[in-house]
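Accompanying notes for the structure given below.
Every chain is named by a letter (A, B and C) in the order it is written, and numbering of its residues begins at 1.
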Amino acid sequence: MAQETHKDLTRTMAAPGEPFVWISAMGLSIGLLMVIGLLGIIVANGIPVFWPKRVIEATIKPGVANPVPNSGSTITGELVLTRTKRIPILGPDGSKLEEQKEVQFYVGNKDAYGLNFVFANRADIESMKEPAEIFRIERLEYGIAFGYLQELLLANGSSISSQSPDFLQTLSSLVNEANERRNAIERIEKGDIGTINTRLNDLRVQGGDQKSSEIVALNAKYEALASKARTLRTEQSTNTLVFKTPSGLERRLPIGEIVSYYQPNTLTPLQQLGLFCHNIWNFLTEEPREANTEGGIFPAIFGTFVMTLLMSVAVVPFGVIAAIYMREYAKQGFFVRSVRIAVNNLAGVPSIVFGVFGLGFFVYFVGGTLDTLFFSNYLPTPTFGTGGILWAAATLALMTVPVVIVATEEAMAAVPRGMREGSLSCGASKWQTIRHIVLPASLPGILTGLILAMARGAGEVAPLMLVGVVKLAPSLPLDTEFPFFHFERKFMHLGFHIYDLGFQSPDSEAAKPMVFATTLLLIVLVVVLNLSAILIREKLRKKFSAGAF
Amino acid sequence: MEPKRHILTSFESALENLRKDVLMMSSLFQRSLENARKGLFDRDEDWCNTVIVDDEEIDSLEIQVDTEGMEIMLRYHPVASDLRNVISAMKTSVNIERAADQAVGIARRARKLCAVQAIPDSSRIQPMFQHTMAMFADAMKAYADGDPALSETLKPRDKELDEMNRNFAESITSLMPTNPDSIRGMLELIFVARCLERIGDLAKNIAEDTIYAVSVKDIRHTNQAQPR
Amino acid sequence: MINNDSTEPRPDFISIRNFSFFYGKKQALFDISMDIPERQVTAFIGPSGCGKSTLLRNLNRMNDLIDDIHHEGDIVIHNKSIYDPHIEVISLRKRVGMVFQKSNPFPKSIYENVVYPLRVAGQNKKSILDETVERSLKGAALWDEAKDRLHESALSLSGGQMQRLCIARAIANRPEILLMDEPCSALDPIATVKVEELIRELKEEFTIVIVTHNMQQATRCSDRTAFFYLGKLIELDDTQKLFSNPASKQTEDYITGRFG
């Protein structure tokens, strides 16, 4: 009898719990699947951008129009997309849906064809082959070119045909030289001449005498450097590469215009892997070209990173101090409660509103005041009275400060009362207790707040558009030029870059791969920032194992 | 006013059982003393034997009171009046057991006297019996009621009993030369009187313990009731 | 604050004079008057809510942390009122240390826990700190167990060790008075008797006031005992006398467990 009752008990008490365990597991799985799915789509679309593809020469069936102008009956390019489309075809018995396969090629040679991507029906294609001789050339202007190399025209008038054995070697050394020269030109123009220009600007603004010895000396230096740069530039165009497009057009390309080149159809898998890594590296470290569709996005990465750091540096002290005051020192009455409610509501305000506020307050008011006070010489060119990385960081800090305040308050409230009492009974003042006992124990919670703030701030784009983000920034906010931190400069941002690429570029098809790659990079950047904060928090948690945060 | 009970009912009932056992011992003793008296004056051997047999029960009750007392102290850590009550119960049980031994002594001697002829003037011992029995009854009443005033009367009464004992011994001794055959019997009577006198002392001790338990006045070894 | 007095211990070292205490409108202590003698252990006993902890926490003004409290009467330590406006609460708490019911070591090393009172007072000289750590840990009977682990986290100690660490921390600054609020209630029996032995040793240097629910502890440890009920002081006497023959019937009813 007792056993039966016992079994009854377990049946009635255990059974209702089971479905809920399954439901919550299911919910978690759905969430995980969505995250993995999202990441999967981004990776699937983004990674292939970097993988070196084979170049295909497709011959069109006679009678079908070639979507590529001036190309005869071939389409030469990288196969980027295969899809099926449904065409309603009028049959004898009314309309009938037919499925057709369509392929998209990236044909490059924008200067010759006027376009980069073409679609063609798979059925219209007679044959496809991979010509081994075709080269893929990355240029400074007009993007990628596919072509068959003909000959090298050297400065001294001689030429080396592509058939000769030292053609490739000469080409390689010439291109390396050209790349180094380009770097030198950039150093001179951006670095040295830039410094001289800034100095001259400062002197001019200070109302200096045009004939003072310093200005004369600087001008002389400027002339010397400028002429050196000019010389180098001319040298870039002394050698020329002659090649034929797949449609037979002959084109001449100064060596200085070549960034890199390779034969896509002769690569071994290992070489492909090497090139893959090389492409990723370039993506991460180079500056953008061709309206942000070519080149790398290093300035955007740097800008996002610096801005997020600045935002964190601004928001943590401000938020923590506000939370300490509200929780510990302020008399808990109506006023403090309403401030707390206001702060909590601030977290729900749409971010564009913060952008407008940042524009009006930080940029025009504070920036304008700073300009009139300290930089009046430069007016009417605004220094701080316009958007910049400082105001962007300040705006985002304002937007995310409620999160930090709430997290800090909760973490401080979670510090056990006994610990506070213990400290006070040792003869510590309230501030000493906060500084030595409460704050260190709340650090994990504060870091949680910081993580949440960074997650929100790094992802916001709308307010940034008003307070300092640009499509293309001439220089980085941190560089080797004194005073090293240029907080008034505009900057590039990954989120804005994605928006700009996707919706504001002249050739959105060309930009699509970059969009995905940039999205992937933004996710990786946020994950890295969050992971480091989480790791720091774990270390701190082990140290102060009190509290639930 | 109803005295408050202990919140721990097991404590309350343990104290109650201890008290009951002590009171049971005293009533058993009083019955034994009465039986001994009957055996002496009615010259009935059966009563004497009853006293001797019943002594076993009193002895085992003494052990039980001791055990119960120790257990209460171990378990409940009594303080204040509870502690004094437990200790006085244990001491009182010792005194009652000794008094019961005296009653057994009386019974044995009475049995011997039954074998010989009647002693003249043996009724002279009767008042001593009455006095002793009254003393003991009052001592136990004072214990049961926690009455220090009643307890204080025991000391002078014990002096009286001592006096009675001396007088009886003298008067019996004076009869000895005229009744030489009864000398052995008279000696037994003198011993009986001595036993009664000792019972009176024990009753006085019980009264002194009661006074301490109730009012923390320790009047032992003093000539008059004085607070320590 | 070293108590160098080798003179007669003062019987009125802590003098509580007509002290009443209010939480808002609710009165918690009613006109308490008592003297606590120097270098003795005084125990406060009484049922829950009788005010003994409240009175204890007033001795070092820990109740100041609560909003909306006020008091009447006075508490005088060593001839100075603790409510004197010229006295800083912080300096009072340096002279009157406290050990709590639930041990509350800081999440720092053992060394840092013990020297915390010195550091907040501005003392950072290493030689003095080292000497304090050794003296306090020895005084708290924790030196042998802790001397090889001084820089490990205090949270790695056992419950009884943590409480002894809190005692070491409380005596580090050599306060004159040590307040203990049910210090053993969270400890196992062996740790409890170790702390009780410690109290016996400490009373030679410090005046100790201990609140306890455990009457056997009061009888074992204390020299004088005060019984409180509903915010009033019912009886104050030598421990021996109060537990064997209390003067008040209420006291007797409480200590014998007859309480109604």
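The rule is short, and it goes like this: a residue touches a chain if its C-beta (ideal position, glycine included) is under 8 Å from a C-beta of that chain, and two chains touch if they have at least 3 such contacts.
Keep in mind that what you see is a predicted model, and the values were worked out from it rather than measured.
Averaging Cα atoms per chain gives one point for each, and the point farthest from that of chain A is the centre of B. The chain closest to the protein's centre is C, with centres computed as averages of CA atoms. Once the centre of each chain is set as its mean CA position, chain A and chain C turn out to be 62 Å apart.
Centroid to centroid, with C-alpha atoms defining each point, chain B and chain C lie 53 Å apart. Put simply, the C-alpha centre of chain A and that of chain B have 108 angstrom between them. Shown for chain A are the residues in touch with two or more other chains, of which there are none.
By the touch criterion stated above, chain B contacts chain C in their complex at residues 4-8, 11, 76-84, 216. Taken together, the chain C residues at the contact with chain A in this complex read 60, 62, 65, 67, 90-91, 93-94, 97-98, 100, 102, 104-107, 116-117, 119-121, 153, 155, 166, 169-170, 173. Listed in rising order, the residues of chain C touching chain B in the complex are 215-216, 219, 243-246, 252-253, 255-260. Residue ranges of chain A in contact with chain C, taken from their complex: 332, 416, 418-419, 421-429, 432, 436-437, 440-441, 543-546.
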